[in-house]
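Before anything else, here is the set of structures, which you'll find just below.
In what comes next, chain A is part of two complexes: it sits with chain B in the first one and with chain C in the second one.
The block that comes next holds the complex of A and B.
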């Protein structure tokens, strides 16, 4: 209330100011309506991405569980040291192409990855000294890696949309609860002040007229 | 006045994601990399599976008429949560997606329907914010 009173104290009650304020209220109202539409659209996008993140995370966790189970089986059959040795022999450089796409002006990442799954021959460990359970475990981990990359893309998109949503919500609230009420209060103040000045003027004229009539 | 300037800046940024020129479904189907250039200089790429879905539901004779991306116009005058689709072919395609029956060049849809459209056609639809 104090800030509103302070804001009103600096308002000049003139018709010019009244016109300017009306324009500012219109702009603020228009901005508020459009930003609220944007906020609603962002909420739709955000919930959609949350749904996709949930599904992707469940898929990735399931796949990781399968992969670790396969690794345990592999360690049990081949032996822990041999499995570790084979994992050290395997070489991999995975190229991930990171580009961006725009959702309503928000930059979200797009990860494009070459084929994650590869054949046992391409993995680099010796097929002669290892068991087929190692191939199975490797394949399950490669599948999990592909799902994790997809999940990372979705989570980063979700984070970017959430950030923009928060920013837009802050703007909408600032307009709705601070700027527009303040402008409307100033508008009302000027309007009432101008009415008051008009009434004062009218009374003054009446009084002058009465004085002039009394003199004649 | 700085608040007004910030507001004007925000409003000017609302539609920068829109394409400079929309392409027809036919053009998109024939292109090896279907995409449009946006006003902010970025490139908007259409997913092939969405194009295939549209190609399946829109008769081939109308491929030239359907402009992509389909614009979901959010106009504060329509009320909160309401949106408008313009264009005969676009309306027909959206009707098919929503399993609705209506004709004409304009279709009014509501928030749950917008969510369905965005879920099924995330790259071939875009929001358009209509200033009042």
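The block that comes next holds the complex of A and C.
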């Protein structure tokens, strides 16, 4: 309430000020409505993304656990050191295409990968010192990586939207609970003050009239 | 623009993703080293995606969260489970929902 009193202290009770305040309240109200709409739209978008994240995550995790299993099979059959060696020999030049996209003014990245799954020859490790289980493990990991890249895109979008949502919510609340009530209070103060002045004037006139009548 | 992929994980995770073609893998041994590496990766321009296992992310703790909040748009950082299938109980994404929406929302994965 202290802030309210402070806000009232600076307003001068004039008709000009009253008109200005009325305009400001209207503007604030319009801004508030717009932001509210934006927030609702963001929430819808957010839930859509969440639903997709749920599905993508389940798929990626399943594939990843398959990949880990294939890798342990590989280490068991081929030997840990050989597997490690092969991983060092493997060609490692996966490129992810990243561009940005705008969802309601929010920048979200889109990740795309041309071809994650490679043929055994493209992988770069020596084929006659390695076993086919290594190919299997590599393939599973490539698949998992592909799914994880998609998941990363979704999660990042989700995070960006959540951030924006939080910001919008804070602005809506600031307007709704602080700015608009404060303006309305000032508005009320001025109109009360003006009414009061009018009543004062009225009695003053009455009194003057009575005095004039008494003189004649 | 094309970007490279980096992975920070234990030996097996690193091996697996190296086989899959990730350009850079870091095997996590000491916290300080991983921190330094992560900072370098986040600052670099040519990496677009960094995968890090949940276990290591958790070990790095709050400072890791701070790094994520202050990073640029790229690289995208994704936490993945390691070979034990370890998933933390507190999912950061669901924490985020709780904070933004103000209620806990369980989203079911749609199958089929």
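Keep in mind that, in the parts below, the second predicted complex is superposed on the first by the 216 of 216 C-alpha atoms of A that agree within 3 Å, B and C clash if a C-alpha of one lies under 4 Å from a C-alpha of the other, contacts with A are read in each partner's own complex, and residues count from 1 in each chain.
Rule of thumb we're sticking to: a residue touches a chain if its C-beta (ideal position, glycine included) is under 8 Å from a C-beta of that chain, and two chains touch if they have at least 3 such contacts.
Because the structure is a prediction, the values reported are computed rather than measured.
Asker: Clash or fit: chain B against chain C, after overlaying the two structures on chain A?
Answerer: By the criteria stated at the top, chain C and chain B fit after superposition, with no clash.
Asker: Quick check for you: in the superposed arrangement, does A:30 touch first (chain B), second (chain C), both or neither?
Answerer: first
Asker: Is A:95 in contact with chain B, with chain C, with both, or with neither (first, second, both, neither)?
Answerer: In the superposition, A:95 touches chain C alone.
Asker: For A:61, select first, second, both or neither according to whether it touches chain B, chain C, the two together, or no partner.
Answerer: A:61 sits against chain C, while chain B stays out of touch.
Asker: Could you tell me if A:180 is touching chain B, chain C, both of them or neither one (first, second, both, neither)?
Answerer: In the superposition, A:180 contacts neither chain B nor chain C.
Asker: Between chain B (first) and chain C (second), which, if any, makes contact with A:118: first, second, both or neither?
Answerer: Second partner only, chain C.
Asker: Taking C-alpha centres, what angle do chain B and chain C open up at chain A, rounded to the nearest 10 degrees?
Answerer: For this superposed arrangement the angle is about 120 degrees.
Asker: Of the two partner chains, chain B (first) and chain C (second), which one does A:159 touch, if any: first, second, both, or neither?
Answerer: Second partner only.
Asker: Who wins on chain A residues touched, chain B or chain C?
Answerer: C
Asker: Pick one for A:84: touches chain B only (first), chain C only (second), both, or neither.
Answerer: So A:84 only meets chain C here.
Asker: For A:11, decide between first (touching chain B), second (touching chain C), both and neither.
Answerer: Once the two structures are laid over each other on A, A:11 reaches no partner at all.
Asker: Compute the least Cα distance separating chain B from chain C in the superposition and give it as a whole number of Å.
Answerer: 13
Asker: On chain A, what residues does chain B touch that chain C touches as well?
Answerer: Shared contact residues on chain A (touching chain B in one complex, chain C in the other): 47, 100.
Asker: For chain B, which residues count as touching chain A in their complex?
Answerer: Residues 3-4, 7-8, 10-11, 13-14, 16-17, 38, 40, 42, 44-45, 74-76, 80-81, 111, 114-115, 118-119, 122, 126-127, 129, 131-132 of chain B touch chain A in their complex.
Asker: Which residues of chain C touch chain A once you look at their complex with the stated criterion?
Answerer: My answer: residues 1-5, 11-12, 14-24, 48-49, 51, 73-74, 76, 78, 80-83, 85, 87, 93, 96-97, 99-101, 105, 107-111.
Asker: Flag every residue of chain A that touches chain B in the complex, lowest number first.
Answerer: 24, 27-28, 30-31, 33-38, 40-41, 44-45, 47-48, 100-105, 171, 175, 179
Asker: So in the complex, the part of chain A that touches chain C is made up of which residues?
Answerer: Against chain C, chain A makes touches at 43, 46-47, 50-51, 53-55, 57-58, 60-61, 64-65, 67-68, 71-72, 75, 83-84, 86-88, 90-100, 107, 109, 111, 116, 118, 123, 125, 134, 137-138, 141-142, 144-145, 148-149, 151-153, 155-156, 158-159, 162, 165-166, 169.
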